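Below, subunit A partners subunit B and then partners subunit C, in two separate complexes.
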Partner chain A sequence: MSKKVIIIGGGVAGMQAAVTLEELGIRSVIIEKEDGLGGKLRRWDRLFPTMTPAEEVLDELKDRVQRSGVEVMTSCEVSEIGCEGRMVTLKDGSSLESDAVVVASGFDLFPAELKEEYGYKIYDNVFTTVDLERMFRNGGVRTVDGRIPKTVAFLHCVGSRDEKVNQRHCSRVCCITGVKQAIEIKQEHPDTEVYSFYMDMRMFGPGYEELYRQAQQEFNIHFVRGRISEASQTIDHRIQIKAEDTLIGLPLKMTVDMLVLIVGMKAGESNLRWSRCQGVDLYPSSFVKPKNLFLGGVESDSKHIFYAGTVTAPKNIGESIDEGIAAAHRVAQRLKEE
Partner chain B sequence: MEHFRLFVLPFWLGAIFLLVTLLYKYISWFIGLAPDERRLFFRSLFSRSVFRSVGEVIRESLFHRKIWRTNKLLGYMHTTFALGWFLLIMVGWIETLVYFKGENVPLYVDIFFSYYVHPIFEHNFNFSLIKDALLLLLLIGVCLALFKRIRSRAMGMKRTTKHTWGDRVALSALWLIFPARLLAESMTSAVIWKFGGVVWALGEEHHLILPGIGCGSFLTNTTGEFLARVLPPDILQAGELPAWWFYSITLCAFFVALPFSRYMHIFTEIPLIFLRNAGLKSGEKVSSYDQFQTHACSRCGICIDPCQLQRDAGIVGVQSVYFLRDRRSGKLTDQVADNCLMCGRCEQACPVGIEQNKLRLNSRRERAVPVGENRYGYINGIDRSEGTGKVGYFAGCMTLLTPKILRAMERIFEASGEQVWWADKEGGVCCGRPLKLSGEIDAARRMMEYNTELFRKHGITVLVTSCPICLRVFREDYALEGIEVLHHSEYIQRLIVSGKLSPRFGGENFAYHDPCELGRGCGIYDAPREVIRSIGVLSEAKENREKALCCGASVANIAINDEGQRRIGERVAEEMVATGASAAVTACPLCKKSIARSNLIPVYDLAEVVANALPD
Partner chain C sequence: MVNWGYTITRVRRVDIDSNDMSYSRKLLAEFPELQSCIACGSCTATCTAGNLTKFNVRKLQTLVRRGEYEGVRKELEKCMLCGKCRLVCPRGINIRGLVQKLKKELPVK
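Let's turn to the complex of A and B:
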């Protein structure tokens, strides 16, 4: 009888893990809680740093899944991993047996409402990076009353590196996301002034630093080192922000048409449920802790549980897909040994 | 000198040393009081407060009523030591008077009475029985004290005080005193039982005691007979005097150690009660009266358990008991003075009623580094207020950082049709309390003067704030005669009662969290509860009102790290969840933020739930 592997999560990492397993001759089942494959990528318009349309990547992955004959269960949520990866229990109470489990359940977006001082969902023209992607897909960036914004302020690190909301980690990919979106706004509305408030710019990937430089030199986006302390709404529904430019050491106050909060990655809420299974440990940040950060990045302390993608830490799309491949190979090797 | 024996010397010297030290301290502290404080005290001597003080001394210094409320066994232990020992001394004194027919004998005869007189219970009023009974009570007290060392939980205390070296000496001496007394009295009774003797000084009457009778009562007579039977006669005779020496030395050790130990509280609580009832209070500046308070701390450690820094954040060695200890010994560090939420839970629990927060504040003031002259120069002439009205609204910095509360207040004012003057919607000057809490009172005063002037300039008659931190400083430190200062909970309650505001009853179950500054700080417990009841069902946390938990975000703690704050806040959120309510409601922007960050339960300010219940 052929072996069967359950993949929890049908985002980029999960899809790639399933495809690779099939290539290695192992049956795999993707269990996805939403109604379709793709995870967070479904909500994205274009990808940094190349501005590649998200669909290009998504369609290719979906195609691979379809071609390889992976079984996909959508609108179906895993509630618990049992027997150290030999079984999973679904939300509807039924259970599925498996020879191994690949946890690719991803991350949650930081809920910007928790930083009440920035007024998300209180003031009309405060948005998150996710809202902005939706606007890009739906025909352009507009304020609530349909105007083209004349000034836009981005705020980096909302829900990242912030002790006050229990998010001490760096979410890594938001810096470059902010740069990408600032450029996209400039491409769409060249006359709009874009300000970007940051504490550090972390350009870790290939082409990122180059894009950041382009943003400054070519698109004339103003990067201000300093965080916004509070925001309030003016009578004409614009947003007044208070910040400090820490490079010149002076407080500043400005009114913008739109404030964009660059939200970070929060550990997936389901991680707590996975941690109830023996062999699955969490970091204090609630991200899942792999067996070994150097030599076992996709493995757990349990022989039948493997990890892929942002369930263990914030990663970009390429890294997540590569982890899908790595996890699949580890699973195949483990199953062969048995 | 007829009664003098060499062994009374340690006791005698110890007692004189104690008396001189106590008098020196109390007199010098009293002289150090401000003239009007001394006047208050003298005036109180001719008022009813004296009776109140006497009653309180009996209730608290002897019976320790407040400790009984903490735990019965703990209360019993403290009462036996205080009341038991006091009665033992009193009964001994009366007994001496009776036996010596009022003859003037030195004090040590009272103390070592059984050595001089061999009282037997066939004659006279049965003092021996009472004294033996009291001694037994005290011995049980000592056993309980030992038991508390091993299992303090059984006596209602999860944690007990870590003692200093001086405390340990005094403690050991205290615990030895009563077994030593038992041994000495038993030895004397044993000698009489074995060899017979006389009841020594019954005026003219001298009673012979035949061998086989002994002296003392049920306790010392029995132990005496036992010793007489088991010990050889020569050891009995040679051992009696050393036993009395031992008793005398333990007394001496205790008396000498007392002024340098926690037991200073035994005597100091008495002048403290009289001075407090005369109307003395600790204030902004360190004063001589503070000495009475710091020395009245018995280091019982009852303040440790309620402290959330210890209980939830694992921060030890900073609690009130240690703060007072360090301040008393002059070894106070910033770490101890600054690491306190000033939530007031320890003050609430303190059986001596020491003003913990005031003392900590004036210590902080003493240690504060003065700020530069021009630091607050920018506030001159700023007026960003808007609107006009008899009602002024002061949001405070924290409300400006929680705009949902501000939004809700706008709706409430609009719905009730009140004309409002907005003091700081566009930014204003701090109320001054955070600076005050960090000891920078002079800087805080500049903010207070500025704000007072601003309020006066705009002619308001009611000042509403949604921040309890601002509320407290407005009420306690601002001179705002003619302006009524209200917390928004009180103000909203008024609007509802007067019919200006009619929120719908939705029936949602809300758990209410008492903010420290609003509850213990300003005594406002009912107004927010009444408001909640008008819109939904009110659930109470296990520890509420005067005993409510602190959210951990208090601006008073200038030393705690974020992790500590988070853990304290999370604990509060867990308590809110445990009530079974669907959401938590509080009345302070800081509490809201710190309970919300744990993400366990939705948290709203009172104004938000009221605004949500208003008809559109």
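Let's turn to the complex of A and C:
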């Protein structure tokens, strides 16, 4: 009987893991709770740092999945990993047997309404970076009443590095997302003034720092070092924000047409359920803790459970896809040994 | 003595070499959460006193950490103990508590 591996989650990491397994001659099945493959990538418009259309990456991955003959089950949620990776239970109560499991269930978006002081879902013109991606896809950035915003403020670290919402980690990709979106607004509306309120600019990837510099030099985006402490709505539905300009050491107030909250990556909701399985540990942040950060980044303490992508930590798309490849190779080797 | 009308300008850089860091060290040992401050300025931005006067609580606590105590105690009188700073701090630092501690411990000058 040929071996079969279950991939939990059909985001970029899970798709690539499945494809690589098939290339290695191992049957794989992706179980995805949404109605289609792609994970968060389905929602993005253009990708940092190259402004590549998200569809280009997604279509290629879908093609690979189709060509390799991976079995795909959509609208199907895994609720439990059993018997150390030899079985999974689905939400409808049924169970599937497997020779190994690759957990690629990704991350959750931080719900910005938890930071009530910024007024998301309370004031009209407070949005998140996720909303902005939707606007870019749907024809452009507009205020609630359909106007082109003349001033936009971005706020970094919403739902990251914040004890108050129990999210201590840095989400890594949000700094560059903010920079990318600030540029896109300027490309769309050159006369719009864009302000970015940041604490630290974390440009960890190739081409990221260059994009930041471009945002400063070519697009005149104003970077203000200070965290917005609160926002309120004015009578004409604009947003008044308060911050300290920490480089001057004075409080600052300004009114903008639109406030964009740069939301972080939160540990996936399923992680707590995965941790009930022996060999699966979580960090205090609830991201899954791999066996070894240096030598076993896609492995768990259980012989038949492997990880790929943002289930273990915030990552960009390239890193997540590469982990899909790495996990598949680890699985193949483990199954060969047995 | 002839008064030439000149004074010696005091060097206005923070001189860690000659500053007395003993209180700074003691403070951080007793109030270690302060070390996690990321200087985001949320406390100052939201501060009731800071929006009416030049009072800047982020700057004051940073000065103390650097061994610069002069004038800090007096400046802290402006705090209204409203506690808003504590509510917004992303590091969960009890800044109002810190202000109270500093007011007790720093020399009045």
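Just so we're on the same page, the second predicted complex is superposed on the first by the 338 of 338 C-alpha atoms of A that agree within 3 Å, B and C clash if a C-alpha of one lies under 4 Å from a C-alpha of the other, contacts with A are read in each partner's own complex, and residues count from 1 in each chain.
Here is the rule we go by: a contact is a pair of C-beta atoms (placed from the backbone, for glycine too) under 8 Å apart; a residue touches a chain by one contact, two chains touch by 3 or more.
This one's a predicted model, so the numbers in the text were calculated from it and none came from an experiment.
Enquirer: For the combined arrangement obtained by superposing on subunit A, do subunit B and subunit C clash, or do they fit?
Expert: Subunit B/subunit C on subunit A - steric clash.
Enquirer: By residue count, is subunit A touched more by subunit B or by subunit C?
Expert: Per-residue touch count on subunit A favours C.
Enquirer: Taking the superposition on A as described, I'd like to know which of subunit B and subunit C A:Cys157 touches: first, second, both or neither.
Expert: second
Enquirer: Could you tell me if A:Met87 is touching subunit B, subunit C, both of them or neither one (first, second, both, neither)?
Expert: Once the two structures are laid over each other on A, A:Met87 reaches no partner at all.
Enquirer: Looking at A:Asn166 after the superposition, I want to know if it touches subunit B, subunit C, both of them or none. Which is it: first, second, both, neither?
Expert: first
Enquirer: Based on the superposed arrangement, let me know which partner A:Met135 touches: subunit B (first), subunit C (second), both, or neither?
Expert: It touches nothing on subunit B or subunit C.
Enquirer: Let me test your reading of the model: by the given contact rule, A:Leu24 touches which partner, first (subunit B), second (subunit C), both or neither?
Expert: Neither partner.
Enquirer: Per the contact definition in the header, classify A:Glu116: touching subunit B only (first), subunit C only (second), both, or neither.
Expert: first
Enquirer: Looking at A:Leu282 after the superposition, I want to know if it touches subunit B, subunit C, both of them or none. Which is it: first, second, both, neither?
Expert: neither
Enquirer: Is A:Glu230 touching anything from subunit B or subunit C once the two structures are fitted on A? First, second, both or neither.
Expert: Both subunit B and subunit C are touched by A:Glu230.
Enquirer: Could you say whether A:Met254 touches subunit B, subunit C, both of them, or neither, answering first, second, both or neither?
Expert: Neither partner.
Enquirer: Can you tell which stretch of subunit B collides with subunit C among 116-124, 278-286 or 368-376?
Expert: 368-376
Enquirer: Taking the two structures together, which residues of subunit A meet both subunit B and subunit C?
Expert: On subunit A, the overlap between the subunit B and subunit C contacts is residues 117, 163-164, 230, 242.
Enquirer: Across the complex, what residues on subunit A touch subunit B?
Expert: 114, 116-117, 119, 122-123, 163-166, 230-232, 242
Enquirer: Note which residues of subunit B are touching subunit A in the complex, please.
Expert: 400-404, 407, 427, 562-563, 566, 593, 596-599
Enquirer: Name, in rising order, each residue of subunit C that touches subunit A in their complex.
Expert: Touching subunit A: residues 38-47, 50-51, 56, 58-59, 88-92 of subunit C.
Enquirer: Residue numbers of subunit A touching subunit C in their complex, please.
Expert: Contacts found on subunit A: 117, 157, 161-164, 199-200, 225-230, 242-246, 249-252.
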